[in-house]
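This is the structure, below, for whatever I ask next.
Labels for the chains are A, B and C, by order of writing; each one numbers its residues from 1.
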Amino acid sequence: MAGVARAGRRGIPVLRSSFWVGLAGVLVVLIVLEGVARLELLSSTWFPPVTVVFETLGDLLGTTELWANVGWTLQGWGAGLALAAALAIPIGMLIGSFEPAYRAVRVVIEFLRPIPSVALIPAAVLLFGTNSLSMKVFLVAFAAFWPILFQALYGVQDVSPGVKESARAYGLGPGARFVRIVLPSTLAYVATGVRISSAIALILTVTAELVVGADGLGRAIIVAQTSVQIPAMYAYIAVTGALGWALNAAFQAGEARLLHWHPAQREEVRA
Amino acid sequence: MTAGGGAVRGRTYQALLLALEITVPALLLVAYAIWAAAAESFYFPPLGEIGERFAELWFAERLTDDVLPSLRRLAMGYLLCVVVGIGAGLVLGAFRLVQQAVQPFAEFLRALPAVALIPFGILVFGARGDSMKIFIILVGAVWPILLNTIDGVRGVDRGLLEMARAYSVGRWGRIRDVVIPAALPRMVAGMRTSLSIAIILMVVSEMVASSNGVGYFVLESQRRFAIADMWAGIVLLGIIGYLANLLFVQTERRILRWHRESKGASL
Amino acid sequence: MSSETVLEVGGLAKSYSSRTGTTEAIGDVSFDVARGEFVCVVGPSGCGKTTLLKCLAGLLEPTSGEVRLDGEPVRRPPPNMGFVPQDYTNSMLPWLRVDKNVTFPLRHKGVGAARRAELADETLRIVGLSEFARHYPWQLSGGMQQRVAIARALAYEPEILLMDEPFASVDAQTRGDLEDLLLDVWDRYGVTTVFVTHDIDESVYLADRVIVLSARPSKVQRVLPVDLPRPRDQITTKELGEFTKLRTEVVRTIRQTGSRAVSGTGGHRSR
């Protein structure tokens, strides 16, 4: 209890000062990198000055090429994540609330889940071809499926029996109970699952582009590297990082809005 | 869990569940075997063929040529993640200002899909050697450990630290015997996430730039259209993933027994 | 009582500065404690009792004035001091069994394993927890955990024992038992004790002298010698007219400080 109060009281001023300290940290690192490149401490072919990278990035931002790459990556990410959610939420809720269903698929889940999703890249290429959206979507959906599945499963099981019983006492029918009680409670968990899956989905999208050569940011990075356009390579890496950061921030904000009612955001591991 | 498990039909019900648990996967396997035999699909060879290739490949010289290099890279990269993540996490958790200064960079690198750094790794370390793969595993998989360690250190009860200080326990003693054990549950949670990321990065880095390793082998088999080989490799990666996780969970159970039980007891 | 002074507190003041300004917790506090004496410090809620104790313990540095233990100024926690904090749950290391919690400070003091085991046995027997030595602290009740904290302080073989409202969060029955246990231990070891509490009955029941603090910034309002016969007893001691007179005196003194935040009854639990 005391810990929460302490953090709450300190919250705002720390946020403010930490912003400036963080900014200072970023500036120091950028200046050091610039200095290293300018003084030729490391080969400037491989480590161009930060200013040159930013210049290249500025140029690229004006091209359709960069935005097309961002678009392709987002497409694979979005379609795969959507497919994963569309499958994982109903399945998770079903096996979470109906034990025979859970027991029937448990072994299959235990067998499939540990397969590193990237191991399926060759199989996906074989089935869907190298430069197809379905290849990406298959890989992304396979990887993004599991966190959402398990969150949906926990979410359904976490509806407190007390709440269910009092709802029954107030005369809510099974349908109303599902919509008014089970669904919102599960949604809280699913939101967390989708956020975790979003990061995984982006990794898989970029991997598919990088390894197989499907259009998108991953391919742009490796093409820039092999054609020795090193500043462009760094610029694309920066754009990929920014995209990852923005998606995560958007999901976090969405989750916070969605779950403002949820008692004490569950203790969650930072992944 | 189920409300329907009354005393009368409890036993039959449990037996039914067990039967479901065994028969459904078995039926799926049988169905696949029958279908694969009948369809003679090029992409989905019969199970027997995959099993045969699996035994031929992984119990012969491929074991030392591909499997061991992969495991070596994984072990070294992951070990480095643990050492760097916990070491840096302890320092950053203790010094708030340093932590704030590096926070934006850490957030950025965490959000960056680590595979995007593979081309950079190739530039710096070259494509062939292990160092590139180990580097990629480090920069990709260190974040869950680092951030969880920072959180863990921050969350250490001040009462515990004050008690230790009141009894003249020195700074190093407090870190070793109070801060680290108290933060351990968070560290371990981070290490678990980190392990699965490390396996992914091991596979991808071998696919992109390597001349051996299981990741390399799987992709190469697909390019040679050696489909049974490819599936045998995928199954092996699944087994590696499964065993790594199993090993982890077993270790965690032993180390964090107090944590699991104290949570139950405090309710 | 011997009149040799162990602890001298001279002109002690402590203020905190924060964004909103400076808070004066302790205005000017001076008192001495003789060897073997049992001193209770009482005062209205929020009068800086805990701050005072932390200054005595060397955990906080006073803004001005000083604390001397055996004539030596206290700048860090002295090695011959035992400390029992207010909140038992925050002072037990949950990953160590009870006996290891007791000997935890000893390991860092460089006491050998054999001697540590001996001290754990002895002190746990004294606090009546011999059979719980191999339990984990979270398997024990609050009162039992606080006994472990007392055993830990005793095993440290201190010259002086500082206790910060140690019984504030246990139920009334347990509190009475713990008070008697503490008096027994004090009698047996002859250890000088400074005991901070907001409970007036408790202070009169336990102490040789009661030091009454004023509201913040705290000063010593009054020092009352308690000449009740020892050994004391929860029923017969509290029936004595002298006991009633003393506690009325304390209540009156605290009322005079302008704060009504403290009740005269033993049941007060506000923190």
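Simple rule for what comes next: a contact is a pair of C-beta atoms (placed from the backbone, for glycine too) under 8 Å apart; a residue touches a chain by one contact, two chains touch by 3 or more.
Small disclaimer: the values here were computed from a predicted structure and weren't measured.
Contact with chain A and chain C alike is made by B. Across every pairing of chains, the maximum count of C-beta contacts belongs to A-B.
The chain with its C-alpha centre at the largest distance from the centre of chain A is C.
Look at where the CA atoms of chain A average out and do the same for chain C: the two points lie 52 Å apart.
Work out the mean CA point of chain A and of chain B, and you get 17 Å between them. Distance between chain B and chain C, defined via averaged C-alpha coordinates, is recorded as 49 Å. In chain B, 157 are the positions where the chain touches two or more neighbouring chains simultaneously.
The residues of chain A never reach two or more other chains; the list is empty. By the touch rule above, chain B contacts chain A in their complex via residues 1-2, 16-18, 20-22, 24-25, 28, 43, 97, 100-105, 107-109, 111-120, 122-124, 144, 147-148, 151, 155, 157, 186, 189-190, 193, 196, 199-200, 203-204, 207-208, 215, 218-219, 221-222, 227, 230-231, 233-234, 237-238, 241-242, 244-245.
Listing the residues of chain B that touch chain C in their complex gives 157-160, 162-170, 173, 177-178, 181-182, 184, 258-259, 261-262, 265-266. Of all residues in chain C, those touching chain B in their complex are 57-59, 76-79, 81-83, 85, 87, 89-91, 93-95, 104-105, 107-109, 136, 138-139, 156, 162. Those residues of chain A lying in contact with chain B across their complex are 3, 17-18, 21-26, 28-29, 46, 99-100, 103-108, 111-112, 114-123, 125-127, 157, 199, 202-203, 205-207, 210-211, 217-218, 221-222, 224-225, 230, 233-234, 236-237, 240-242, 244-245, 247-248, 269-271.
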